[in-house]
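In what follows, chain A forms one complex with chain B and a second complex with chain C.
The block that comes next holds the complex of A and B.
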C-alpha cells in the first residue's frame, strides 16, 4: 500500500520510572488493513497501544496522523483523531443495556435532552452495519451477554463514532472457538469497510487468518513490520521469541543494542 | 433443458452481438438489468440506478414504472428516517411477486427453499435423505413433494419463475445430466428432467454443482461481492470448488471445471481418494483426512465433528493440533497452485472449511507464501464465506432467477402471471 498511513509512530520511547518499556519503536497503520501486533508477554504491546490511545504520555518520538504530526496527551485527543481502543478489560457496565453502554460517557445530546430514540437508532444501525446478528435485542442488559457478544458490543462502541482506527487488545483471549470466529470475522469486516484495525493476539492462526501486516515487538523494540503475505509462521515465531529471523528483525538478537 | 447460465455470470449481453440490437431488445435488456441491480443491490434510488446503468433519469423512470406495473418492484421511502430534508424515494424488489425454488441435495440432508426476488427466504425446509438415497428418483420425489407443498401455500398473486438444484457431483453442460455424484452413488442421472416431470410447473430445472453455486452466492451476495476473480473452496464430505474469473463462473468444455478437490497434490504416497486416484486435495485435506488424523470416532462426521476437532486443538489436544496442522499444510499447497494459475483477488473458505481455515490459517498462509508467486499473492485476500450454510441454496436461487433477470416481462408472462 503506497497511500499515506493513517497512523504513524516514529521512534517512540516510554519508561515507567527507571524501567524502559518501549525503545525507539516505529509503527504504521493503514486504512483497509488489519495490522496484527504480536510479541511475547511483557514485550510492550499494551503499553504501545496505551501510548497511541493517549493514556500514557510518550517520553520521546513522533506521533503522526494522516500525514500530520500531532500531539496526543489524553484519550480525548486520540478520540478526536478517530482513534478508538478496546482494552483487554472491556469496561462495559453489566447493569446497563447495550445502547446505554455504547453511549456511556459521551451520550449524544440533541438540544439539552438526551435523545433516546436517536441513540437506539445509531446503535442498531452500527450493529446492523457490522452484520451483527447474534444479539437478540439492543435493550438487553450486558450482563446477559456471552463473552463474544460483549466483545462485539465493545467493538461496535468503538466504531460508532466514525472512528478511523480501531485497536483491539487481545479481543479473543478469553473466548472459545466459535466466538473467536465471530470476532475475527467482525475484525476483518471492519477493515474491509475501510477502517484501519490493529489486532493484538497471541494466536498465530488468528493472526494469519485476518491480518494484512504483522508487527512484532521484542523486548520493547519493533523487531519487524512485514506483510502477512511475505512471511511464514515459523518466521513470525522467531521474530517473537528472538527478535529476528534470517534477514528480518533486529541486528542484535538480544535486543540490547544500547 | 439448457442451463440458463448467462444471467448472473455475464453483465455484457451485447458484447457478442453482431447486428445492432433493436429498440425492443434494448428495452428488454434494460428492464432485466435494472431488476438485477435492485435484486442484488437492495434498495436504490433512481439517481443511483441512472448512474450505475449509464442511462438518463427519464429512461430509468420509464423502466421502473414498467416493472412496477407488473408488481416486480415498488418505490418507497428509504428505511432510515430522522434525517432532515426530504428523503428521495428508493426502488426495491417486491419479494412476494416472483419467487424461485432452490434445492440443495446434501449427502445426509436435503434442503428446499422458496426464495423471493431480492434473495429473500420466504420458506425453507430440511428433510432427511429418504431411505435409498442412492436412488436419484427417490430424492427427486421427496424434493418435489416438499416443493409442491410450498408452492401450494404461497400467497395468491405470486408466481414461481425458476427452479434450480445443487448436487455434490459433476454436472454436464448444457443438458444438466449428473454424470456422477459419488457420495450419493449416482451415475448418469437425468435428475433435472426428473424434477421437471414431478414438479410439472412448466418450468425447466437447472442443475449445478454445489460448490459452483456457493461460489456464485459469495460472489453475488457474500464476502466476495464486487470481486470479479475468486476461488471458492467448499468443505463438505469432500472438497468442492467454484472458480469465478472475470466475473464468470468457470465451467470448462462440458461444465466439469473447478474440481479443486481432485487437484493432485500428493500422487506418490498420497491417501486414496473417492475418485479412485491417490493424493487428491480432498483425500489429503478433506473431512475424512482431518477426522482420521485427529483419531476421531469414524462414525461421527459432518460440521459438528469438524468443529469438535478445531475446539480440541484449541484446548491443546495434540492429535487434533497435528491433524489441523497437516490439513492446513495441504490446503495451503492446493491454494498456492490455484493462486499461481488464476491470480484470484479472493479465496473463500466455505462450508466446514471455514472452521478448518480459522484453525489452521498459519499453516495455510505459510504454504501460500512459500509457493505462490510473489506478484500473484501480493493482493490476495483469504476470507471465510459470509453466507454460511445457506450459500448453496442462495446460489441455486440466483441460477433459478437468471432467466427472470434477462427478460422479466417474458418470464413473468410464461409463468402465467
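The block that comes next holds the complex of A and C.
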C-alpha cells in the first residue's frame, strides 16, 4: 500500500431531488495503481465519477487530493487538480487529425498562428511514452482509425496534460478482442508510469486482467474496496449483485468493511 | 496549410499532411505522398479533385466547340463574371462548415449593395465610407442571423429563408419600389471594370509567389530542424513552380490587348477583382487553416458535442460563421454593383445565391459540415462561371443554363453525399 492516496473521497452524499444516489461513499485511489470501479447498472458509478470530475457538485462529504482537502465545483477545478475523465462516447472530432484532437480547446500558438510543429512533437512524445505504435501517422484523420485506436487517442489526450488521475468510463465496451487487449495494455502502462487510473468496467475478465484494487458499488453504497489478489471472480460478482460476499461487503444496516 | 493557394494540386497533403510515420522522422518520399493522397481519395475524401477535373473537361469542351471561349477577352470576362458569386461562396463555406446554410446571402449582398449605392449617389459619401458602411451592414445582418440560430435555436434553414424574403423586401424599400441607382464613383466602378497595369500585374504575381515560397520553405526548414517529417522538396518545387507557371500564363494572357478597337480604348492587364479575390482567399485560408478559431470551426462542424467538452464556445463560433458569411456577401454585392454599374432590385437576387452555394459545393465543401476550404469557393465558382459563360457563347437560352447549372449542383451534392457515406462505412 502506498503512503498517501492521490485522491480520497470520504462519506460522499449525492441526491438528485428526492432520489439519493450516493450514500456515504468512501473511495481512495493510489498512484501507480489501477482501481476498478464496478457495480450494476444504477449502482452510482457514473454519478460518482461525475462528482469526482466536478460535473455534479457533492452534497456532503470530503474531497481530498494529495493529502489536502479541496473543493471541486466545476470540471475546471478537477482538471486543475490533474483529474481527467475519458468518457464512453469518446468526444473526438472525426474530421480532425490525431494531433488536432489531442490539443482541441488548448492549442499551442505562436502569436496568432497555431504552433503545429510543437503540438506534433508533444503529441508524438506522449504517444511514444505510452508505447503506442499502432497508429500509422499522427496526422491522419480520426475518421480513419479503428475503435481501439480512437480509445487510445482519447486516453492519450487525457494524459497529455500532466494529469495525475485518469478515469476511464468503460473503455473496452465497444471493442473487439484484440483491441480490448490493446487498450488494457495501455491502461496497465499508464499505471506503471505512475498515474492513478480508475477503470469503470462491467467485464470481470478486464477487471481481473489489469486492476490492483477493486471498488464495488451497490445501490449507491460502497460495498467494499479490496485488493484484486484477495478476492475471486465469484466474490466480486456477489458484491455487485447483493452488496456482500461472506464477511466482505455491507452489513445488514450500515458500515462498509474493507 | 497554405497549400490551398496552389489551385493545380489542391488536395496534396501539405507540410502538415498525412504522409508521415511518427516513429521515424525524415523526409517523406514523393511516392509515399502520392500513395497517401490516393488512399484519401479512395477513402471518399475527394477534396477539390472533381472541381479541377470538371474545370479541365469543361474548358476543353467549350474550347473545341467555340474557339472564342479561349480568347483573352473572354478569359477576362470569365474572371469578372465569377468574382461576385465567388466572394459570396467564400462566405458560405464558413456557414456550410458548421453544417448550417445561409439562404439569404444573395439578398444580403443586394441589401449591402443598395446601402452602398444610396450612400455614394444620394448622400455623396466618399467610396471608402460607403464601402465600410456596406460591409458593416453585412456584419450586422450576420450577427442577427447568427444570434437567431445559435442563441434562440431556430434552424438556420428557416431563419435564412425568412431573411431571404425579408431582405428582398428591404431592397425594394431602399430602392424606392424598384428604380435603379447607377453608380458613378470611379473607384467602385474600377473594381470590376478596370485592370492593373501589365507591370503591376507581374509585380503582384512575383510578390505572391515569393511570399508563398518563403512561407513553405521556412515551414519545411523549421520542421526538419525539429526532426519532424517534412514534405519532399520535389513536392514543394512542384507546388511553388505550379503556382508560378499558372500565374504567369494567366498574367501573360490578361496583359494582351483585348480591345476590339485599340484607337478608342486600350484594354489590357489583370482585372482588379482578381487581386481582390486573391486577398480574400489568402485571408480566409489563413483564418481557417492556421488559427485556433479556424480549427474550432472545423471541430464544431465535425462534432459539436466534442467541441463543447473541449471548452470551445460553440455558440460564438456559430455566430461568427454567419457574421463572416454576410460580411463577405457584402463584398460580393459591392463587386456586383461595380460590374453592373448600378444597383437594382435584382442585385443579389434570382440565381445569385444558388450559384454561390453551387460554387462552394462543387468545389468540395460538404453540405454536412466539417469539410471545406475557402479555395473550394474559387474553384467551384470558376466551374459555375465557365458553364454560364460557355453556354452563353453557344447561344443557349438562360433556361437551359439554369437547368444545366442546377444539374451540376445536384451532381456535386450527390458526390458529396456518396463520398461521405463511403467515409462513414470504413
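Just so it is clear, the second predicted complex is superposed on the first by the 246 of 258 C-alpha atoms of A that agree within 3 Å, B and C clash if a C-alpha of one lies under 4 Å from a C-alpha of the other, contacts with A are read in each partner's own complex, and residues count from 1 in each chain.
Simple rule for what comes next: contacts are C-beta pairs under 8 Å (C-beta built on N, C-alpha and C of every residue); 3 or more make two chains touch, one makes a residue touch a chain.
This is a predicted model, so every value here is computed, not measured.
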{"item": "Partners on chain A (chain B, chain C) - clash or fit", "value": "fit"}
{"item": "Of chain C and chain B, partner touching more chain A residues", "value": "C"}
{"item": "Partner chain(s) touched by A:73 [first = chain B, second = chain C, both, neither]", "value": "neither"}
{"item": "Once both complexes are placed on the shared chain, angle at chain A toward chain B and chain C, C-alpha, multiple of 10 degrees", "value": "100"}
{"item": "Which superposed partner A:205 touches (first chain B, second chain C, both, neither)", "value": "first"}
{"item": "First, second, both or neither for A:121, with chain B first and chain C second", "value": "both"}
{"item": "First, second, both or neither for A:184, with chain B first and chain C second", "value": "first"}
{"item": "Chain B versus chain C as contact partner of A:229, first or second or both or neither", "value": "first"}
{"item": "Superposed arrangement (fit on chain A Cα atoms) - minimum chain B/chain C Cα distance in Å", "value": "6"}
{"item": "Overlap of chain C and chain B interfaces on chain A (superposed complexes)", "value": "117, 121"}
{"item": "Residues of chain A defined as touching chain C within the complex", "value": "87, 89-97, 100, 104-107, 109, 112-114, 116-117, 120-121, 124, 127-128, 133, 135-141, 143-144"}
{"item": "In the complex, chain B residues that touch chain A", "value": "80, 82, 307, 310-311, 314, 354-355, 357-366, 368-370, 374, 377-378, 380, 382-384, 386"}
{"item": "Complex interface listing, chain C residues touching chain A", "value": "13, 16-23, 43, 45, 222-223, 226, 228, 290-292, 295-296, 298-299, 301-303, 305-307, 309-312, 370-371, 423-424, 426"}
{"item": "In the complex, chain A residues that touch chain B", "value": "117-118, 121, 125, 131, 176-178, 180-181, 184-185, 188, 204-209, 227-234"}
